[in-house]
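Shared between the two complexes below is chain A, which has chain B as its partner in the first and chain C in the second.
Let's look at the complex of A and B:
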């Protein structure tokens, strides 16, 4: 037995393919990105070491700053929406859902699995005004609120909200399910004891349920924050950064800088910046979860 | 006293009803757009002009699908997506399952470190690896081939696959392996003949996650392949809607529907695995 689970050759045979694939395609490029942010030029045609210049350039680039500010605004709106609505639905799952519970959770989860691009194309049609009214405008038209029948994606402010609404819509099923999982893990007698002590409704939720699902809240916040900080697909597929470049967020600006303008070193620096944002978010939330 | 209990009961009942109404609104909000998409895909061109967006289709106007498939080049995109997704799926499982087995069930010094090394990959934003990968593939001549996508999808699926496989391998009792060894199995036979057949559900969970990762990908596909013949569904959709989708709603809805159909089928068949896999993954990530 011992000799068999210690078999060095077998361990190599089992793990090497995965190690090689992962190291070459995932790990090495990440390290390479870090190095590359100190260079400028087109690979193959000659690149120059520029030290920290790309990083200085980042903070002097008004378009970059604009994209980061907009991205952070989007993060604030979407994270709040995903977490609060997701949590609200999870309470409904836990406290007022009796029949067809699994079916209903399955239905509300549905949008989570859809491709973001297809969802964006669908929402583009929902927000449409020409040549036909989309679902949303038709709805406002039907209830005679004609002042709300507008070209949602043609206006910078509304287009921003359109992206937010779509990304909240798409993800709440996931957060609802995650929170629901945490709520049903609360021991029944804890809830019963609290109820006997007079904690009901609002009080029960704020004093008992919320503190007990705090670890899951942190998890969801990490997930939602890192997901929204690197948002790419929904912006590209719904507004393509437009109208103009008013809804261009950090990942998309990074993509255009790299692959449209060919500034590989500078683009990579932006990617590192996004990674840095995600790490800071995770670090802060982890600190937050530790203090009682 | 009794009246206050009655009040409380009444309040509880009202709250329950409000809760159910709210839930009803959420159900409609989440599912109606998807139904609208499928229904609109069957509408004839004039229906978009004459009747409201809420109207049901008057018949099954299949021409939308035919147009999307041929004029919209969905036949090419669909085939590319299927090839890239399924080959990557196969590679990820073929590579991740044995590695996870060695990490979870075999005794060696660096097993824990190796696991941590793989799990680091779950947190990394894709955009960080994008440019170096592009340069690597360019030099290797992989750009504009489905291989660039297949390799990328299989590698980026590894961290999650290994996470799910190892958690499930840990729960297999060592006695089982011992018994198989006593019966004269080699370590390879233990893995392929004894352990792997027990892992059907785990494999299915990994399959669903990996499928969604590859099928739904946009950024890799639009970066590595610029030729029309090599585009996948998601990049194809972005192009297609730009071209003439603004005006022709029928074919657009049909192509969006086609792009989502495999996902919908997978979800209808394996929704339990999908939900379990995605929540497990979320908690780890």
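Let's look at the complex of A and C:
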């Protein structure tokens, strides 16, 4: 075993197929896209070289800027919601839950495995107002809060919060479980020693637990950030960017530009921009994790 | 160990390359030969043109066993990509639906056939309905005069209404848009939702704006905008946008118009929960369906009314010909021509017999019985004098997308009519 791991040639042989596959599937399309972003047209029908025109166009496009700002707002709300609520639930799992622990964890995790489109259809029915009152509106109607019975998905601001609530609800089970796994990995004697030294509740969490689960926090932030920066299916299924284009995220605008308007070059430029956003996020997280 | 390493590396690399080569070989053997008909469709073999063409082609193959026939169904989102790929590899199918502006482009470049010439040569040109030819020449050709697409359907749009609701509330068929607004107000006062419209689909709302604008400015208003002879900021357009915005404000579309999808909006009308429904005559297959409609014979039709001092008339109708199918020029010879002649001479009759559908082809078999609403549609079609060419056919994709997206905000009062039109003005190219 030692011989194989130390032998550089052996390492190369075992990793090369996977490396080639990875290069072909991940790197080649990225480079291809980068090249497309300097052209305009429809591949197959005729593309023209336009140099950096697409990039200049990008920053002057009000719809694009709108979608980026919206996307960043969404990222801020959903990442905070998913991580914070996930973490709080994991504390519940680790420090409070005793009876039916497995059952409760399973139930809370259940939304994670639901298909995104099915979840969106579910929430569309919950927020519905016509032809029948949906669950939420029916609830407000029953407790006589008629001013809250509105078309949630028909109002730009409310639709945004509807998407955020749905996506937070869908993922907290996963993050709760991940954080829980990290917490139970903390050696018992560390927690006992801290308790003996007088650290309880809030202090225990902030001074002992949080720093020790920092690697898991970074992992969860990575997962959450990449998911929210690229969000597409849940928004399309729930509001389709509506009303108007007030809930249109960057990835959706990219899709429409490319496949509906036939502007492949310009659309690819947006894809490169999203890639850039993800790289920046990773860079920042990397710095954060190396701090100290 | 060194030798083993080298051998393993070579094996790994060669397996990957073999996979790639294997794939290419399969494609080469699929190359089309004469007497092979390929139908690319965005409808499956149980719906609309997909069913009609497929069934007729299979009949032709039974009579001509040496001809190979194949149907491929793709979904609408993949349409542009699929056709682009086929175009790039010079393997366009015999008959297929070009994507939006490709209909005009392919026709102009000769990639697809001129239908008028081709059908005249095959002796089947007289099978086409004049209204269909008129529409397609104006809407689907670069010159405005060439026929480069086949009318698989012929649909006329207008306002379908619940006759009983109108009678019970003493409402006559509105002759002007002002009368229509009054009628809607009367219905709302009685607790009836005046209009059923799908805001989620977007186009049912933009169509209302367009039709009123064209009543003000004439049936060719959008074509004039495309040519630069008319601005979308013209008072005729502003009046239209303001009317529809006001209808939204007054609640004539119901509580959450943007949340209604096509089926829900239609079922509101068909179950007696809304009085009027602007829609195309393709909907009659649902009107004829007792599982979907509780209204029976109770549905009437009137065209969008005129406006005071407007150029548009009641004989101007918005019609369309369904999915435009085109015939590829390359390989259109011998058996393929015979196939085309067979399929397109029987198209009208078969569509009526099998689906009760009105198409751009004449129904020459007088023994075929037409359901109530089909007969109604054929009669309406007889009264079509001028065609309202909507901006989906006259202007570019970006304009249409912006108009559709923003109309959702227009009807909920989040966008002023002035701003709606001025945003569109910037996209007219």
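One rule holds for everything that comes next: the second predicted complex is superposed on the first by the 265 of 292 C-alpha atoms of A that agree within 3 Å, B and C clash if a C-alpha of one lies under 4 Å from a C-alpha of the other, contacts with A are read in each partner's own complex, and residues count from 1 in each chain.
Here is the rule we go by: a contact is a pair of C-beta atoms (placed from the backbone, for glycine too) under 8 Å apart; a residue touches a chain by one contact, two chains touch by 3 or more.
The model shown is predicted, which means the values in this text are computed figures rather than measured ones.
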Please work out whether A:118 is in contact with chain B alone, chain C alone, both, or neither, and reply first, second, both or neither. first
Quick check on the superposed pair: does A:126 touch chain B, chain C, both, or neither? Answer first, second, both or neither. first
So, does A:245 touch the first partner chain B, the second partner chain C, both, or neither? second
For A:13, select first, second, both or neither according to whether it touches chain B, chain C, the two together, or no partner. both
With both complexes superposed on chain A, which partner does A:261 reach: first (chain B), second (chain C), both or neither? second
Go through the superposed model and pick first if A:156 touches only chain B, second if only chain C, both, or neither. second
For the overlaid complexes, name the partner, chain B or chain C, with more touching residues on chain A. B
Shared chain A contacts, counted only where both chain B and chain C touch the same residue: 7, 10, 13, 17, 21, 43-44, 124, 131, 259
Note which residues of chain A are touching chain B in the complex, please. 1-2, 4-8, 10-11, 13-15, 17-19, 21-22, 24-30, 32-33, 36, 43-44, 88-89, 92, 95-97, 104-118, 121-126, 131-135, 138-139, 142, 169, 172-174, 177-178, 181, 200-201, 219-220, 222-223, 226, 229-230, 232-233, 236-237, 251, 254-255, 258-259, 264, 267-268, 271-272, 274-275, 278, 282
Mind listing the chain B positions that touch chain A in their complex? 8, 15-16, 19-20, 22-23, 26-27, 29-31, 33-34, 36-37, 40, 48-49, 52-54, 91, 94-96, 98-99, 101-103, 105-108, 114, 117-118, 121, 123-136, 138-139, 151-152, 154-156, 158-159, 162, 177-178, 181-182, 186-188, 190-191, 212, 215-216, 218-219, 222-223, 233-235, 237-238, 241, 245-247, 249, 252-253, 256, 259-260, 263-264, 266-267, 271, 274-275, 278-279, 282-283, 285
Of all residues in chain A, those that touch chain C in their complex: 7, 9-10, 12-13, 16-17, 20-21, 42-45, 124, 128-131, 151, 153-156, 240-246, 248, 256, 259-262
Help me check something: in the complex, which residues belonging to chain C touch chain A? 1-2, 5, 8-9, 12-13, 16, 77, 80-81, 84-85, 87-88, 99, 101-102, 199-200, 254-260, 264, 267-268, 273, 397-398, 401, 405-409, 412, 414-415
